[in-house]
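Sharing a structure here in structure tokens format.
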Amino acid sequence: MIRIVVTGGTFDKEYQELTGRLAFKDTHLHEMLRLGRSRVDVSIYTLMMIDSLDMTDADRARIIDECRQASEMRILVTHGTDTMVETGRALAAALSPSAGKTIVLTGAMIPYAFGSSDGLFNLGSALSFVQVLLPGVYIAMNGRCFAWDRVRKNRETGVFESV
Amino acid sequence: MIRIVVTGGTFDKEYQELTGRLAFKDTHLHEMLRLGRSRVDVSIYTLMMIDSLDMTDADRARIIDECRQASEMRILVTHGTDTMVETGRALAAALSPSAGKTIVLTGAMIPYAFGSSDGLFNLGSALSFVQVLLPGVYIAMNGRCFAWDRVRKNRETGVFESV
Amino acid sequence: MIRIVVTGGTFDKEYQELTGRLAFKDTHLHEMLRLGRSRVDVSIYTLMMIDSLDMTDADRARIIDECRQASEMRILVTHGTDTMVETGRALAAALSPSAGKTIVLTGAMIPYAFGSSDGLFNLGSALSFVQVLLPGVYIAMNGRCFAWDRVRKNRETGVFESV
Amino acid sequence: MIRIVVTGGTFDKEYQELTGRLAFKDTHLHEMLRLGRSRVDVSIYTLMMIDSLDMTDADRARIIDECRQASEMRILVTHGTDTMVETGRALAAALSPSAGKTIVLTGAMIPYAFGSSDGLFNLGSALSFVQVLLPGVYIAMNGRCFAWDRVRKNRETGVFESV
């Protein structure tokens, strides 16, 4: 059983047609897993729905708390890409290695609702990595998976790369 | 570096508007990896473009040969779902364990070109599993990964399940 | 009020994932009109769901009957493109000009369910033409509208053209 | 021959993945007409690419000028929905009825690039109305067509309705 913790990010942004703005409504995770015909045993929990640029220390404390208290040992966190690395670092600092949990953060560069999104690919990737990786905190983007302290987002290219 | 061997299957089927039939043209793998913003180092080779129900022993021999001669140690094979398990068995029988190759077969229930395909999810999943699994022959479908001799396709549900 | 008579055709074909075949389930007309945010007052009736190559004289008699008995004076018929012109001819022969009905046939080259369909464009076009054209039988395809006896489908290009 | 004057609006907005903002790049009109397999003879001219909330009197003067100088008698203007009615009024005030031009404005509630857009439906509709309506200035939205002074956008529902 895998815990999926939804925090928002580009993944779940939608176009509000009355205002012309991007905003959050409900998570698309259920729909995405159905489309992918996933038969992985998961429980999805929407913890928050925010842009990761707006994520505060208090928000990160809630994510840490959620991961700490989850009974599942394998956890996938959907997250905005802009501060995903920062949340990875906070999780790694707060969770004791002896807890034995495998936590994979992932996100998207294009909202799932916009049709040409990388979200479904990233979800397939992250959900696979989280099933097999040793305990630790990881970031799965661009088909690759990095330890939380071996990665940064290149803001010019939008690509996650090794450091 | 990962080798991607394309053999066709639902993954790559397209709608031919003049005949109203489903048929193969070029593989969508390049486009799918671009959409997924994949930065995994891959080389894609289209070996054949056929429906897996039409796959003969000679075709399977060509797949085995391709996997045997590939210099890459990690190989992803896209394949129709109907006889994917059969090809997995043939690969496992033919390749010596000492070759040390990790081979993951994947496919799709809905053509990628049809918009609501599971293909992108499966590709993200298979490409992730192939990076981390021990040598052997596997099938990655429905977000899960099975050893070649521990899986069958349930033809009533279209789902790959443990045996 | 406009009557929409659904007869099937490529418009409404779907991919059956268990068989890998194209088949009909329910019409997509309701969903298409919702996506187009249509506020045209319509009543949709699914008369049949068949490939127009399989359409018999008895089927055409049912379409004629449906158009004749409809209380609406403006009728849109969705239809496979292969024999759309033939059905147009049958309708024109059977319906008295004094009935004063405007009937527009339309269809699609690519199933609506496949994402890259011309269906939504054709529906917007046909629904507009049927609101303003004089009584008669017409075919609306490729953004244009033709009188039933001034058009043929070019089978090499898939385009409807003047004759 | 129909002139298509592109001014921007939701129709042509795209998601910029590096900034997470909506912005304009190139028009999607060519792609949309290709998808719709349109064989209507058109010439497309991108006059500006702006949000209609940002449209100034100077911008409207350019649209009027473009419509006045066009050699085509039938003109389709793509435009943001928020001030489409205002531009329609300006066009009607500026163009002499004796010019004999049929001008239809249309737009979209959802960007075409987002997959679930009403844009293709609206384009099919507007392109059809502009071929058959008498000279005048019209707004084609929601499958319907209104004279410029008989319509308003309901900002609560996003629907264009009669006044």
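For reference, chains read A, B, C and D in written order, and residue numbers begin at 1 within each chain.
What we mean here is this: a contact is a pair of C-beta atoms (placed from the backbone, for glycine too) under 8 Å apart; a residue touches a chain by one contact, two chains touch by 3 or more.
Predicted model, so just to flag it, every value in this text is computed and none were measured.
Path length between subunit B and subunit D in the touching-chain graph (shortest route): 2.
For the pair subunit B and subunit C, the distance between C-alpha centroids works out to 39 Å. Here the CA centre of subunit C is 26 Å from the CA centre of subunit D. Inter-chain centre distance (subunit A to subunit C, centres taken as mean C-alpha positions): 45 Å. Of all residues in subunit B, those that touch two or more other chains are 109, 115-116, 158.
Arrangement of the chains shown, judged by which pairs touch: one closed cycle in which each chain has exactly two touching partners.
Each chain pair that touches appears in this list: A-B, A-D, B-C, C-D.
Interface residues of subunit A, counted against subunit B in their complex, comprise 32-33, 35-40, 109, 115-118, 120-129, 131-133, 140-145, 158-161. Across the interface of their complex, subunit B is touched by residues 10, 13, 15, 17-18, 20, 22, 51, 82, 109-111, 113-116, 155-156, 158 of subunit C.
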